[in-house]
Amino acid sequence: MGLVADAFSEDSFKKLIGFNAIGHCRYSTTGESNVRNIQPICINYGRGSLALAHNGNLINAVSLRRKLEAEGSIFSSTSDSEVIVHLIARSKKKKFADALVDALKQIKGAYSLLVMTEDELFAVCDPYGIRPLSIATINGSWVFASETCAFDLVGAKYIRAVKPGEVVRVNKNGMSSISIGKTKRYGHCIFEFIYFSRPDSLIFDISVQEARDKLGMELFKEHPAIADIVIPVPDSSTSAAIGYSKASKIPFEMGLIRNHYIGRTFIEPEQSIRDFGAKIKYNPVKRLLDGKRIVVVDDSIVRGTTSRKIVKLLRKAGAKEIHWRISCPPITYPCFYGIDTPLRSELIGATHTVEEIRKYLHVESLGYLSAEGLLRSVNGNKNQYCLACFNGDYPLKN
Amino acid sequence: MGLVADAFSEDSFKKLIGFNAIGHCRYSTTGESNVRNIQPICINYGRGSLALAHNGNLINAVSLRRKLEAEGSIFSSTSDSEVIVHLIARSKKKKFADALVDALKQIKGAYSLLVMTEDELFAVCDPYGIRPLSIATINGSWVFASETCAFDLVGAKYIRAVKPGEVVRVNKNGMSSISIGKTKRYGHCIFEFIYFSRPDSLIFDISVQEARDKLGMELFKEHPAIADIVIPVPDSSTSAAIGYSKASKIPFEMGLIRNHYIGRTFIEPEQSIRDFGAKIKYNPVKRLLDGKRIVVVDDSIVRGTTSRKIVKLLRKAGAKEIHWRISCPPITYPCFYGIDTPLRSELIGATHTVEEIRKYLHVESLGYLSAEGLLRSVNGNKNQYCLACFNGDYPLKN
Amino acid sequence: MGLVADAFSEDSFKKLIGFNAIGHCRYSTTGESNVRNIQPICINYGRGSLALAHNGNLINAVSLRRKLEAEGSIFSSTSDSEVIVHLIARSKKKKFADALVDALKQIKGAYSLLVMTEDELFAVCDPYGIRPLSIATINGSWVFASETCAFDLVGAKYIRAVKPGEVVRVNKNGMSSISIGKTKRYGHCIFEFIYFSRPDSLIFDISVQEARDKLGMELFKEHPAIADIVIPVPDSSTSAAIGYSKASKIPFEMGLIRNHYIGRTFIEPEQSIRDFGAKIKYNPVKRLLDGKRIVVVDDSIVRGTTSRKIVKLLRKAGAKEIHWRISCPPITYPCFYGIDTPLRSELIGATHTVEEIRKYLHVESLGYLSAEGLLRSVNGNKNQYCLACFNGDYPLKN
Amino acid sequence: MGLVADAFSEDSFKKLIGFNAIGHCRYSTTGESNVRNIQPICINYGRGSLALAHNGNLINAVSLRRKLEAEGSIFSSTSDSEVIVHLIARSKKKKFADALVDALKQIKGAYSLLVMTEDELFAVCDPYGIRPLSIATINGSWVFASETCAFDLVGAKYIRAVKPGEVVRVNKNGMSSISIGKTKRYGHCIFEFIYFSRPDSLIFDISVQEARDKLGMELFKEHPAIADIVIPVPDSSTSAAIGYSKASKIPFEMGLIRNHYIGRTFIEPEQSIRDFGAKIKYNPVKRLLDGKRIVVVDDSIVRGTTSRKIVKLLRKAGAKEIHWRISCPPITYPCFYGIDTPLRSELIGATHTVEEIRKYLHVESLGYLSAEGLLRSVNGNKNQYCLACFNGDYPLKN
């Protein structure tokens, strides 16, 4: 539990033996954050040992758990992911791969999984392909990760994304694929491009940096501004702000310095996306801002409280005009697939008009990128991506 | 995990709310000593929450676990006690008390249990009554403990022992009893009197101090000696040595000082009864022993290595003659009911004659108390007690 | 800080190199119990490195510290022992041994010291010989300890006690002695025999067990009783109770069981001699006490509260008569030499007559051993021992 | 010891009482990094209590310590800063302020100090003004910090820098100044602008961001390049790279992503400036770099190993041409005033020509900013700044 560097010592790695390993750095969304909910889930059961790591969120976990408990299963965590291992344990199928598919057919929602047995490794993506999962290779071995920047660190060669509905199986015979079924549409989470993923990663086979650069350019096309400088709310908006600067020819500057000691936002549940700005400190560079007309590029507005605080900081540093630009549409619906958004009533985009938000933030102008501009930036259409947080169109109906 | 004083801070008690509590200080015998095997076992399952503490050892745990796992149950520890909660969870009985009895009827072996649900508490003793469990009352509440000295510490009034095959149920309606069946004989563990229990406790309604006093007296009757002083191997043999001294009129002295910093033997598994003497330090009081004929009273000889070391210490301190007296018969069979004895091949009593042991210890005489003397000391007969470690007559046949 | 077993891991010993080592297990009396006051005091200074361990208490530490601080010395602890290292550091003597003697001539009070430099070891006893310090040898090396039972554990051969006013010097040339001056009388702490030391130790070259045995015998001579059993308040009074039993022919029994999990009293400052009974739990063995006339032998009465609690326990267990016997005179004065006694106003022996104490304890009779009986038990006279806690006759006038 | 967030809990702040406080986050350069060398140094001595925090490095600490130890002072750390408190303790001056000045006149080197007594606070800057120290005010109180970004975080109003040779004294009578002497020149560390300080800080009353912006512009004037993009080695070179981009009209891009989990370089001694690149991970954004001519702006080259690794990363990501630009001259001399540079023989700038370094890095062109360009960027001259690491002209001669 805790940051990777705190949880593992060098000694803990020396103890690892064998030819197969999985790890997990979870942004916990379902089930409390405590030691029992740590992943990978590791169990000993009738078939031997099993480890499972899950990125995403199941939408039928509660009813499945209730059914399993009525039949006598005992859960040792409150995590939604534990239902998967109980379904595997209960399956009557003889072969493990069949028991896994049996279990997967019963669960609904977003799931990118790594499942390790004593002699095999499985990488699974749900039929809608909601969360990313990628394949790479190094020295004849296979590696899987959510973001491809992890491959760069270890020097692995990127191959491709795991496909929606694909179960990738790795064992002594090499890699092979099983399908768990097709759907009429996909539901790749578009928010991964806007905020979550690192710019040096490929997500669903697309460059995050390229997507963000285009978000900034599209944003200028839709919401131009006359200003002296363009500044990002660092770090997640830097690429989009550079795109805006290039399209507009307005100079790019680092007008806000972020205090990096605090750690990246989204990985610590207690300062999750719900209130990500509340605790993070930005410091304005007065010399750059004083007397200037400023375009601020940010990735999203959730409650609006953090944005408002930043506006105050900028005004105090002497900003003459502030033009706020958001690289996505207003967030109006909650996410059920693993991003920790607040209740609708707390989403400022769901309860206020753009003009009301502009007044609340106290800025000269406010512009949100349209859904069309967003899809253009990722070369996609609405049958490929989930935009439910912007339009309520959830890929899974219940 | 660890000693009670280390495992619990004052704060941990402040956090406890409610009207019901169980705790456990286990001398772990089955399942490794690790954090997953800590008791009470606490689970959330189909019926709500459940906590269970188990003293003793099940003899059919492995086969029950194999069967439960084949049906899809996932165990979270290697403890034999966990099968009981899975059997409860799997029971089709509607009422909890019925489900508990259902589970108890499937398990075999030694078990004194405390089982706590959200509104009830159950105290259970197996049909042979192998391990002790006693009932007391304080301020209108009910208290249960293995040894009655625990009642004295909190000021609770002793009532009686839980009977073999009795399920004592405590809820808002008070205390009541359920029977889980009768057996032709009982199997109270006689070793509790010899070594395990504290002299200030009652066990199976009998005073441990009185039993040990009589063990020492019987021992003198069966194996008298002409000597200057009687010394115990402290602390467990002190009462028996005083009994021997009183019967023989030979003065009692504390000729060996025990280093109490090391902690009581049997509670730490890594220095269990198998090698209890190896790490414990005794220091001889030279001034008392020099030039003397000495009777040493000890509770048992397991491997013989510790006894031999003590003999060397006494000789070095000047002992002229050493007469070794053991307050029970030779241990010749392993215990399957919760006492951590070694393999038969390592039991010196199983592999050597008394004369051979005497020579090995290098003492002038060696006397073991007979089974008859042992039973006389506890006012009992062989249909009440388990003497299997001395005679191989196990109450449960498999 | 903490118990030895907690403070040191096996690894901490592996790191120790060299041919010389000192350690310390201090019953802290002066200076708060915190990490800065841990001993040995280890310093780097003008002459190199130095380590010093001190048993006892200096009576002129405050004025020496004030003087040293006025001259610019900076203390890093609140311990009285630190003045010694500053005096050594300030000495103008060229040779270390001369600087040490220079420092010792300035300090007053009780001090048994071990002082280690990079190539020498010094064992020092103050001119009155107040605290014990003994010499042993093992494999051609020299070992020093307060109590000789430490030598037995490691197999070292006892040689003799360090003499009052002796500085024993050990270096590559072997062992030699320096004198720091003679006094008209000695002041060996007689309380070491009564309570502090272990019965398996020699203190000031005398057996503690033998002394306690005689204390019990003298106590019977001075204060006989007609009773059924003699019981000790374990563990420190056990030897004296056996002595009383042997002299009186009244049977010895272990009527009180001590809970050893709590740890030995005097080593933990927070449950020091001031209130040693308050937290220690004794449990009576009802079967032994019920309906009996009992002699209880204890080593001392400080405040009287613990003794009174034990009397209540015994009465509750059925004791018919209680005859309380103390193996020393009433404590009426505080100790300035390292034993943590309370204010005079809190010493029941200083504020009440024996008859008043008897009534307070609620016992049938109460007998204290006389100073003469005490001195007889250790074969000594009042010019050899400090009995100041009983009679106010302090060896150092201050 | 450790990061601020790890070393202090919220509870540790609740315990602080009083009206005065100092803290320290030291980049340890002299004395090992261990618990004894933690600052502030807190002592109790003849005048009461004292706390002292030191930024910088004394060059006569060893000889002062040797002298003090010969006179009997005992040091409790290996830190050069501890000599200051011993000099204060030894001073014969009656008033504390006089004793402080007395001590300061004996030390030589770089020192920005905070000294706290029970009722006063002193902020001190050495006569050359080597390390920065600034004054701010909040709610009628005075605040001091090395970097002004700390004032922004707590909302304090910046007043001015502490002057070279100034002792600022704060007590119940308010703020006043004492001078410890004038020098012919100053020696502000110019490396604070190049690398150390945050861009949102003022240092020596000058904006770090503005200085870095100008460094980048001057760098383009001296070393132009024909390229497709300008990228920084983040984060310390970002402002200079933006300056270069603005002057050159070549687009600015974030072509390297820094892994922020590792923590800021210079605060952890074990990954000090000597090998700051070795452990920090940069990840290239392939999509931005592939087939491009790239200007890389970095703040310095120490050993050259990290720069060379980055070049390899960029080539692997497809960079066609690499033009390396450094915003300062080659580092050719060690720093004695608190920056942890390696031996001259390990400084690539001291042992190789620019052309040799270019070949070693394997880049198309390499340009260092001149000393004149550097001084122009901070509006200064060589009598105000220390450029010793570039030219060997040390302000203090020994």
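To keep things simple, chains are lettered A, B, C and D as they appear, and every chain counts its residues starting from 1.
Convention: contacts are C-beta pairs under 8 Å (C-beta built on N, C-alpha and C of every residue); 3 or more make two chains touch, one makes a residue touch a chain.
None of these values were measured; they are calculated from a predicted model.
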Open item on the list: Contact counts by the stated rule: is the higher one at B-C or C-D?
Closed with: B-C
Task: Copy pair chain A, chain D: interface residue numbering same or different (half cut) - done: same
Task: Distance from chain D to chain C - Cα centre to Cα centre, in angstrom - done: 56
- [ ] With chain centres taken as the means of their Cα atoms, state the distance from chain B to chain C in Å.
- [x] 37
- [ ] Send over the residues of chain B in touch with two or more other chains.
- [x] none
TODO: Draw the chains as points, connect those that touch, then say whether the picture is a line, ring, star, complete or other.
DONE: ring
Task: Interchain pairs in contact, sorted by label - done: A-B, A-D, B-C, C-D
Task: Of all residues in chain B, those that touch chain C in their complex - done: 3-5, 149, 152-153, 198-200, 207, 209-210, 235, 238-239, 242, 245-246, 251-254, 257, 259-261, 263-264, 281, 283-288
Open item on the list: Looking at the complex, which residues from chain A come into contact with chain B?
Closed with: 43-46, 69-76, 85-86, 89-91
